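One chain, chain A, appears in both complexes that follow, with chain B as partner in the first and chain C in the second.
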Partner chain A sequence: MSTENFHIESYSQIRNQSVSLNGETIFKSAETEFNAFIKSAYKTLDTQYPKFFKMDQLSKLALIASDILLKTETDKNVALVLSNRASSLDTDRKHQASLQEQEPYASPAVFVYTLPNICLGEISIKNGLLSENSFFIFDTFNAEYLQIYAEHLLSTQKAKKVLCGWVDFDNGKYDAFLYVVAKNGIFAHSKKEINRLYKTE
Partner chain B sequence: MTDLKKELKGKIIQQLNLEDVSIEQIADNDPLFGEGLGLDSIDALELIVMLDKDYGIKLADPKEGRKIFESVETMAAYISAHKGA
Partner chain C sequence: MDNVFLSYNNIVSAYGFDTNAAIESIKKEESGLKVFDDSKILSHPFCASMINSVKLFEAYQQLQPKERHTRLEQLLLVSLSQVIKESKLELTERVGLIISTTKGNIDVLEAQNTFPEDRAYLGELGKQIKAFFGFHNEAIVLSNACVSGVLAISVAKRFIRQGRFDHVFVVGGDLVTPFILSGFDAFQALSAEPCRPFCNTRAGINIGELGASILVTKEDTRLAPESVLILGDASSNDANHISGPSRTGEGLFKSLRLAMEEAGLTADDIDYISAHGTATQFNDEMEAIAFNRAGLQQVPMNSLKGYFGHTLGASGLVETIIGMHSLHQNVLFASKGFKALGVSEPLNIIEKTTSKKINTFLKTASGFGGCNTAAIFQKVGL
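Here is the complex of A and B:
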């Protein structure tokens, strides 16, 4: 692990029909259905991305959670290291179902999202990033792995900052927790602190 | 032909997830790609699938799509000429 000290600049969460930044709710909705909820969040938070409504649910979740953090970011050397449990399973099922219809027709617009790392591409396009990116699949949120990976990218100068976290969507259930790691910041970049922030409601 | 153009506009909006776009906002000769509706290459593939699935028209050469998908007008003309052919 790196001997340098890194910090968490800011973090975002999307769960239980609300969007928060650094622990403060910035959007809350009565909508229990994800698509209606995230559409409302997109409009209220003034997220500008024409492709938004064409994306799958995982990408919509990741884009909103990241946009809150990257909206004011001027440094473009921000690596992306995201993770989840369900991979792109929700979209994979849609694709599979279309192939099992009586007259099977695969939708190109659905097929292109049958990989979880596509959401990283959407975040990169939205923010003009040409940086390193990786997507990992874990059984549960793995703060230690993300911490080691992010600090390696920073200490080897592969990136100036790293957007890390968890973005999981499956069958209508969603959970996003993203944070920006940098030299300076509000919170310590430690396994304990990452887990504490992740569990903050 | 008018009914077909209206039907096509509805299908384009629904299948390509054009949020906040209504049938009335799409003129028959509006370009579908570029400065018009701003469709992209994945949308072009969706339109090719739509021609096959909904109208039974298979494009032998995908490059044909460039002219066919210029506008709702050109799409409707192509479908009218090739449906059931």
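Here is the complex of A and C:
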């Protein structure tokens, strides 16, 4: 194991109709439907990305959760290491349903979002990041694998910082928890601490 | 720092159920691609490489499964079982499992499919493979579009270097489904004939189905004759467009540069390039630009898509395995389908299969979401 010490600089969460940064709520809405909720978060949080409205739900979730962490980030060598349970299944179901219509059709605009890593592309475009990307699928949030992988990218200087975490959108339910790992920060970059922050409401 | 090697490997493809079947056909420059006319899959004829379901089921039955598995699971189990057997490794907590796939069991969403829809969760696929062989650790499923296969090797190396595993089994696969074909068809990206990467007559991609497996290990006592050392690897996003490559090849160029830097090599040290080469207009042009920017335009290069088609989550893995055998047999395989250069920058495309002493090769991949990956491999014991 690497002996270097890295830290969690900041973290964001989107769940239960609210968006939070380092544990503090920065946006809350009475809107129970995801699309209306996330659109109003986009406006209130002053996110500048007109393409947002054309994206699928997973990318919208990932973009807002990442933007509140990356907005003030000046370093461009930030690797993206995201994970979830449902992959792009929300959009996959949409694409499959259109093939089973009376008059089957396939829309390129839908099909392109049938990959979970597309949201990494959106975050990269929005922030101008030409960095390492990987998207993992786990049954539940796996802090250990994320911790090890981020630690490797940082200790081998493949990245200066790593944006890590979980973005899951499935059947209208959403859960995002992202965090930035860097040399300096407030929290320890340990499996225990990552799990603790993930579970913080 | 631990050396990390690629070792025992398997390919289940249209050619047959082991790596050798694919190598022997490629040597004869035989393509695994055929034109199919099946309206249940696509409304018009399409060109693809497909695995015979009856033969696959027979091979799967020999594993004496106690439960029912989907077609993709059968494919992955048949492929991985051979590699686990050859490696003679006990599956302890020091052994990892990485699954590389873009769509997994996506066919369970089809109305007539008899498996529950929950099987489409990639974690379910991971659980099936883990349970079948009795892996100790949760599977790491990697779904990163068309770079997944090369990136999976990279991820395996990184987990080994970081000290979490001593050995990682990487298995990759995807199916030819109405889901995939209709999507690429909607992009007007499908070629009706066998694809012709980098050729001036290229007319798009073919999709192929395939399962491939490999052992990634730090122990030099676990090596196959064709084993290679991983010298360097890197990934970079284009930060440009989600469904089209960068016109300047930005992300691929950066991946090439960083992989060569880690390997401590220059363009002159690379003997062979196994390119992504999907045979779409934009992809092949972008690659030509990136290879030229990296000074790699004179290195003998092929795309293996003319043999297997684009096998999505398996493509980077199977193409790396073929590269290992290329090195071992000192042979450069012809880039099937190529006649005359059809990109704006020079490239040294292999037109005829030829014998040549080669020690080091570069594998690249690029995909939707703007992702690019490069990895460099070298013969062991040089």
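In this text, the second predicted complex is superposed on the first by the 201 of 201 C-alpha atoms of A that agree within 3 Å, B and C clash if a C-alpha of one lies under 4 Å from a C-alpha of the other, contacts with A are read in each partner's own complex, and residues count from 1 in each chain.
Following the convention adopted for this analysis, contacts are C-beta pairs under 8 Å (C-beta built on N, C-alpha and C of every residue); 3 or more make two chains touch, one makes a residue touch a chain.
These numbers come from a predicted model, not from an experiment.
In the superposed pair of complexes, A:P50 makes contact with chain B only, with no contact to chain C.
Using the contact criterion defined above for the overlaid structures, shared-chain residue A:K173 touches neither chain B nor chain C, since it reaches no partner. Contacts of A:S107 after superposition on the shared chain: both chain B and chain C are touched.
When both complexes are overlaid on chain A, the residue A:K192 reaches neither chain B nor chain C.
Looking at the superposition, the partner that touches the larger set of chain A residues, chain B or chain C, turns out to be C.
Of the two partner chains placed by the overlay, neither chain B nor chain C lies in contact with A:K183.
Contacts of A:H152 after superposition: chain C is touched, whereas chain B is not reached.
When both complexes are overlaid on chain A, the residue A:K71 reaches neither chain B nor chain C. Put simply, chain A uses residues 105-108, 112 to touch chain B in one complex and chain C in the other.
By the touch criterion given at the top, residues 43, 102-104, 106, 109-111, 120-124, 126-127, 138, 140-145, 151, 155, 158-159, 161-164, 178-179, 182-187, 234-243, 250-251, 254, 258, 368-371 of chain C touch chain A in their complex.
In the complex of the two chains, the chain A residues touching chain B come out as 39, 50-54, 103, 105-109, 112.
Contact residues of chain A toward chain C in the complex are 1-2, 80, 85-87, 89, 92-93, 95-96, 99-100, 104-108, 111-112, 114-118, 120-122, 124-125, 127-139, 142, 145, 148-149, 151-153, 155-156, 158.
In the complex of the two chains, the chain B residues touching chain A come out as 16-19, 38, 40, 42-43, 45-46, 49, 52-53.
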